[in-house]
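After this come two complexes, each holding chain A, first together with chain B and then together with chain C.
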Partner chain A sequence: MKRKTYMSDRMLTVIFYILLSIIALVCLFPIIFAFIGSLNEESEVMMNGFSMMPGKLSLDTYRYVFETQGSKLVNAYKTSLIVTIGGTVLSVVITVMYAYVITVHDFRFGKVLAFFAYFTMIFNGGMLSWYIVTTKYLGLKDSYLAMMLPYAMNVFNMYLVRNYFKGLPYELIEIAEMDGAGHFRILWKIIAPLSKAGIVTIVLFYALQYWNDFYLPLMLINHEEFYSIQYILYKMMANIQFLAANPSSSMAAHVVLPTQTIKMAITCIAIGPIILFYPFVQKYFVKGVTVGALKG
Partner chain B sequence: MRNKTKRMLVSGLAAATLAAAMCCGTPVLADEDPTEVTLILYGEESARMSEFAANELHDRVLEEINVDLEIQYLPWSEYAGGKTELMLSSGEKFVTYTDTAFLSKCVAKGYYADLTDVYEENAQDLLANCGGEEAFDTWRVDGRLYALPFGNKPNAGENYLLMAREDILKEVGMEDLKTIEDVEQFWTLAHEKYPNMLGLSRGGMNPMILNGAFDSDRNVYRLNGFVATDGNQPDSGDVWSFYESDEYKQACEIAHRWYEMGIIPSYVLSNGSQCDAEFYNANALFTIGASYRVYEYQDILIKANPNAVMKNYYLGDAATKPLMSRGAYSTAFAVSANVEDDELAGYVKLINLFQSSQEWVDFLLYGVEGTDYTLSADGQVEPINTDVLVDTWLPDNINFKRYPTWATEEQIATYENWNEGCIPQKDIGFAFDLTPVSTEYAQLQAVEQEYFNPMTSGIISYEEGYEDAVKKLKDAGIDTFVEEYQRQFTAFKEGQE
Partner chain C sequence: MKHKKSSRKSFRQQWPLYAMALPGVAALLAFSYFPMAGIILVFKQYNFKQGIFGSPWVQPIYKNFSFFFNNLSTAMRSTGLTVMYNILFFIAGTFLSVAIAIMLGEVSSKKFVKVSQSFMFLPYFISWMVIGAILNSLINSETGMLSQIVAKAGGTMPDVYALPKAWIPILVIVNTWQSCGYTSIIYYGVITGIDASLYEAARVDGATKWQCIRKITLPLLKPTIIIMFLLSVGNMLKGNLNMIIGLTNLNPVLFPTTDLIDVFVYRSGVRNGEMAFASAISLYQSVFGLILVLTSNKIAGKFDEDATLF
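Right after this comes the complex of A and B.
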């Protein structure tokens, strides 16, 4: 049976498309601006400021950045990739296992573990104690693990997965147990495949978190070989902000700033992989967040 | 069976976490000889600096004073706070530079090592080359030394001078800038010739560049952003609220006029980095001056315009309002409190080494002769490698100064005699303890940024903005702040007597 389409519905659809297009443009504008800005010629930016339609497009800035900081950037990319891939795998495994343990009824310490996780959402020990424990007692400094382990489990993500697991019929677990399956088999063969959307969502969350993170490198990394791409970008911006906040300080007079187009080029280099990665997991991302939220 | 699996699952998780945590901990081997020293610097490390620090510099320091040196870089945002403070409070061992305000805070919290008993034996070169005991006095608290002064350069009138493009000044037929009218005339003539050129750029507007031109008997010295004193009255401990003074009113009136004339760009506050970029591209006439900045800035500017020449100008009469000097140091190095005994001596030896001779200052600044630079017959540096090693301002010492090839005899003579006729700043050796008024200070800073900075930069006129701004200043506690400053400064002056 063919569904009748009303004029008002069509009008509404058109309005929604227009509104969404405007919002999308507003979101896209800074990214496009940064990209075109990185292709501007420095001398033109000096004379006329940035332009969305520059007189001449130039790859000179990228050439300069890779010639002068090429080895640093390649190494930073390598660090970011290792941390993002390694950290995401580690975090997803720990998060899924933790969520499973507090979902299944007959784990004796399930509730205690749930409380431990929840407690950290409300209270924490503060920055100094965290820093001392991390660097002095766990030795997490100047290593890839230093940029992964402190973020190994995000409690919000764990509850997101727990809610997803709770949405599945509990009978599935009971039947599997009656058939002789152990918890590892139940988790990896039954629960995980059924929760693909939820797990892909936290994969994206974790991947974004690890890729975008500059805080752990700032706190725990002192050697250049472990700098991530975001940390390089952060350092550059932090120097600029320091100058903006203390224009007359004697120290600020010594800050040497990168040129305008270099800022834009490094921004594009840093956000590139996320922009490429995001469209492939977007459908899971929307579904996972919605399902997790509704079942909460 | 199920219980066994559960136990395995839980213990597996625990073991994995523990193993991961343990395997990443780098065991620190006890190594008493040589002394391990970590030096923290700020900003960006160039590719050549990374290589230089790990190889040539490291090996030479090891050979010379048996110190195993490691250099780490932090962003400027972490200077005097942030991660630096976290590292100090968690007891990490390192040496880094400091300033008088941060020193006072760190000494009160016990973050800095007391250097009194080790500096005489291990810092003889610093004493000889960096201003003597007088320079060390700045870094003492209650008679104990907590930081080592570093560098030695004539710096009277730092931030109280206007630096301008001398080449353009001459091009438009002028010789000197001595008054506000001279500056305005120069701008008008230069603007006609170069309409796209900016006026005041890097650093924005600082009212103190107008100090010499104020219609006032006082030689205003700003002790900090909010409190000023008369630099011409060395024995007087009187302070006043700078933003409520007549001098500030005059500064705002001049700044507003300059803003309307276009000398101060409209985006001076909102886009400081654009101002900087224009300046470095040799597309600006003025910036805030200091004697040594001629060398720092002109070195950059001539890459964009080989004819660019920078010169400092004092808008006033130095005989009635002499320039004030804070001491000749570039900065000072403080050591974290956990460094003790022989290790502390190693740290002091390292800082001392960096100012011990022409050879060492050259090595830090320019690298390896033949690889990174060559020396001309008249002793001027010709760089081979353009990467910056240690920031040029840091080890700058007039005893070991190498002038760039472009520096004229007049520029060199001006710099070397710069401090002649200057007077010492009144607060040398004084460190204000912010603790009793820390809340007020935070609020005052917010008010300064929102209400006073637009007036200081001339964007809002004094008549338009002052009433509201001063009300906010009062609400934020300026009176309490000035009162506390007065109390501590009076005690300091009485102690001097």
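Right after this comes the complex of A and C.
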């Protein structure tokens, strides 16, 4: 078979390489910008604004942040870690078990439970009613549990795992049952190990959701001891906005913080772990999304 | 897995299944079904002490809805903004992610594909709060880097945080930036699944790459695009509260272009405790959302049985 090669084809390929490189760089740029921004000197930022090529790189902002707000930040980091690790373990266990239950054929309530979960995806009571139920009736306020339990079961993730389970030969379960293995054993020893890619994907989704969350702190957290790192950033942005809108307020008078560079430093502190783990997890991510995207 | 009918088993054999389902059922009951029951809030004269179920019924029963109709302009503004952004997000997002997927499919270096893809997914991993903080350092009129560049070029950057209109393009650009890598995975998956012999045959017939893209790749992507569109129609009335809080910190000056339904319910209901109106608009959002999802799923099912969400 003879293939013709056109000049235009080569041009097109070159253009594609260039365009893709540009898009990739645009995606990466803000993160690099945040990093360099946090190394800018506050006085220079106030004079000339943020720069990708500052006159001098300095760690002053980090030093300042840790000297003045070190304990606050360490505590926020601790909160974020507890919620992320605890929440992810909790969610993954609950989700995987539920997915297994609706995979087993001869379970009387399998279909009912599948619909029970599905229905929550198409109908919900709305934020307001959720908020009142969670705070007033379930008493979830100002605790680590308040930042974990509401996300305990994500139905999308549950279906993603179920799809992996469905892809396995059902005989695995039947034979194990005939050999007298209980369902916990079957799930733990046979089904889960064979669905590693799917489970890793939802571990990733849950961990990201917990780490990046500021919705639950916003709704349910008032005490400073439970502020997560994302929520600290939220509070800080709110203060900056408040000061910008009310330059003469009494708060502005005694707040002479290097707020601009601190903002970038806390941003870097918040995305640090993601950047750290990213190279290891992103390969699972592609596979997981491809499986989970259309057939949720 | 093929479905096999087998005899029902006894509770003694199956108790582990009940135990396994229990925590999930509890979570769904607590955080999904209980709030659904809470919808009756809209018929109540809510006070915190007596809660949703103890508070007295409003007289007349439809009173809270009259708030809704009296403030129809606010409700309609929120609805209009929510729908408008969802449409713009879909158009911009689909255009860019299809383009990325096609280009990734055409370049031959596997290493390049991997590296550029991993850069493009990165924004999806970052919280809206962090994106908002970075955006602020780029575009705020005093210290923002872009403002400085504009100033050096002789122009003046307007204070976008006081300029509602600016946020329509900003939100569209930022949202597309955040999600295009993620969405492109779906289209890229379809493209890598296309039978290579189709391209071979076209090449033998003397087609250029550009012609192959237009005549083979795009038409084969069309069903996926349609399905994605229908699925997004189901979410037309959902606004991203996290995004608006992260990027604008609920700056009231910007409400003319950022007051999505969810934003409105949050600020009036959760923050200010004005339950009557907020509960009415919340119910309206839930009910119409349900209708949209059911309709779009049904149509999607007609296109492709496998393509419905479930």
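Basically, the second predicted complex is superposed on the first by the 248 of 296 C-alpha atoms of A that agree within 3 Å, B and C clash if a C-alpha of one lies under 4 Å from a C-alpha of the other, contacts with A are read in each partner's own complex, and residues count from 1 in each chain.
Here, contacts are C-beta pairs under 8 Å (C-beta built on N, C-alpha and C of every residue); 3 or more make two chains touch, one makes a residue touch a chain.
These numbers come from a predicted model, not from an experiment.
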{"item": "First (chain B), second (chain C), both or neither touched by A:Ile132", "value": "both"}
{"item": "Partner chain in contact with A:Lys235 - chain B first, chain C second, else both or neither", "value": "first"}
{"item": "Partner chain(s) touched by A:Gln69 [first = chain B, second = chain C, both, neither]", "value": "first"}
{"item": "Partner chain in contact with A:Asp60 - chain B first, chain C second, else both or neither", "value": "neither"}
{"item": "First, second, both or neither for A:Asp142, with chain B first and chain C second", "value": "first"}
{"item": "Chain B versus chain C as contact partner of A:Asn222, first or second or both or neither", "value": "first"}
{"item": "Residue contacts with chain A in the superposition, chain B compared against chain C", "value": "C"}
{"item": "Contacts of A:Glu41 with chain B and chain C, given as first, second, both or neither", "value": "neither"}
{"item": "First (chain B), second (chain C), both or neither touched by A:Ser51", "value": "second"}
{"item": "Footprint overlap on chain A, where chain B in one structure and chain C in the other make contact", "value": "45-46, 49, 94, 97-98, 101, 106-109, 127-128, 131-132, 136, 138, 149, 152, 182-184, 218-219, 234, 236, 238, 240-241, 244, 260"}
{"item": "Contact set on chain A toward chain C in their complex", "value": "1-4, 6, 8-9, 12-13, 16-17, 19-21, 23-28, 30-31, 33-34, 37, 45-46, 48-52, 93-95, 97-98, 100-101, 103-109, 113, 116-118, 120-134, 136-138, 149-150, 152-153, 155, 158-159, 166-170, 182-184, 187, 208, 211-215, 218-219, 230, 233-234, 236-238, 240-241, 244, 260, 263-264, 266-267, 270-271, 274, 278-279, 282, 285-286, 289-290, 293-296"}
{"item": "Touching residues (chain side chain C, partner chain A) in the complex", "value": "1-4, 6-9, 14, 16-17, 20-21, 23-25, 27-28, 30-39, 41, 48, 51-52, 96, 99-100, 103-104, 106-108, 112, 115-123, 125-138, 140, 142-145, 147-148, 161, 177, 180-182, 185-186, 189, 200, 203-204, 206, 208-210, 224, 227, 234, 241-242, 245-246, 249, 251, 262, 265-266, 269-270, 275, 278-279, 282-283, 285-286, 289-290, 293-294, 306-307, 309-310"}
{"item": "Touching residues on chain B, where the partner in the complex is chain A", "value": "1-2, 5-6, 9-10, 13, 17, 20-27, 42-45, 47, 50, 72-73, 75-79, 83, 86, 89-90, 92, 99, 158-159, 196, 203-204, 206, 272-274, 276-278, 280-281, 283, 288, 290, 293, 388, 391, 393"}
{"item": "Interface residues, chain A side, partner chain B - complex", "value": "43, 45-47, 49, 68-69, 71-72, 94, 97-98, 101, 106-109, 127-128, 131-132, 135-136, 138-143, 145-146, 149, 152, 177, 182-184, 218-219, 222-224, 234-236, 238-244, 247-248, 250-257, 259-260"}
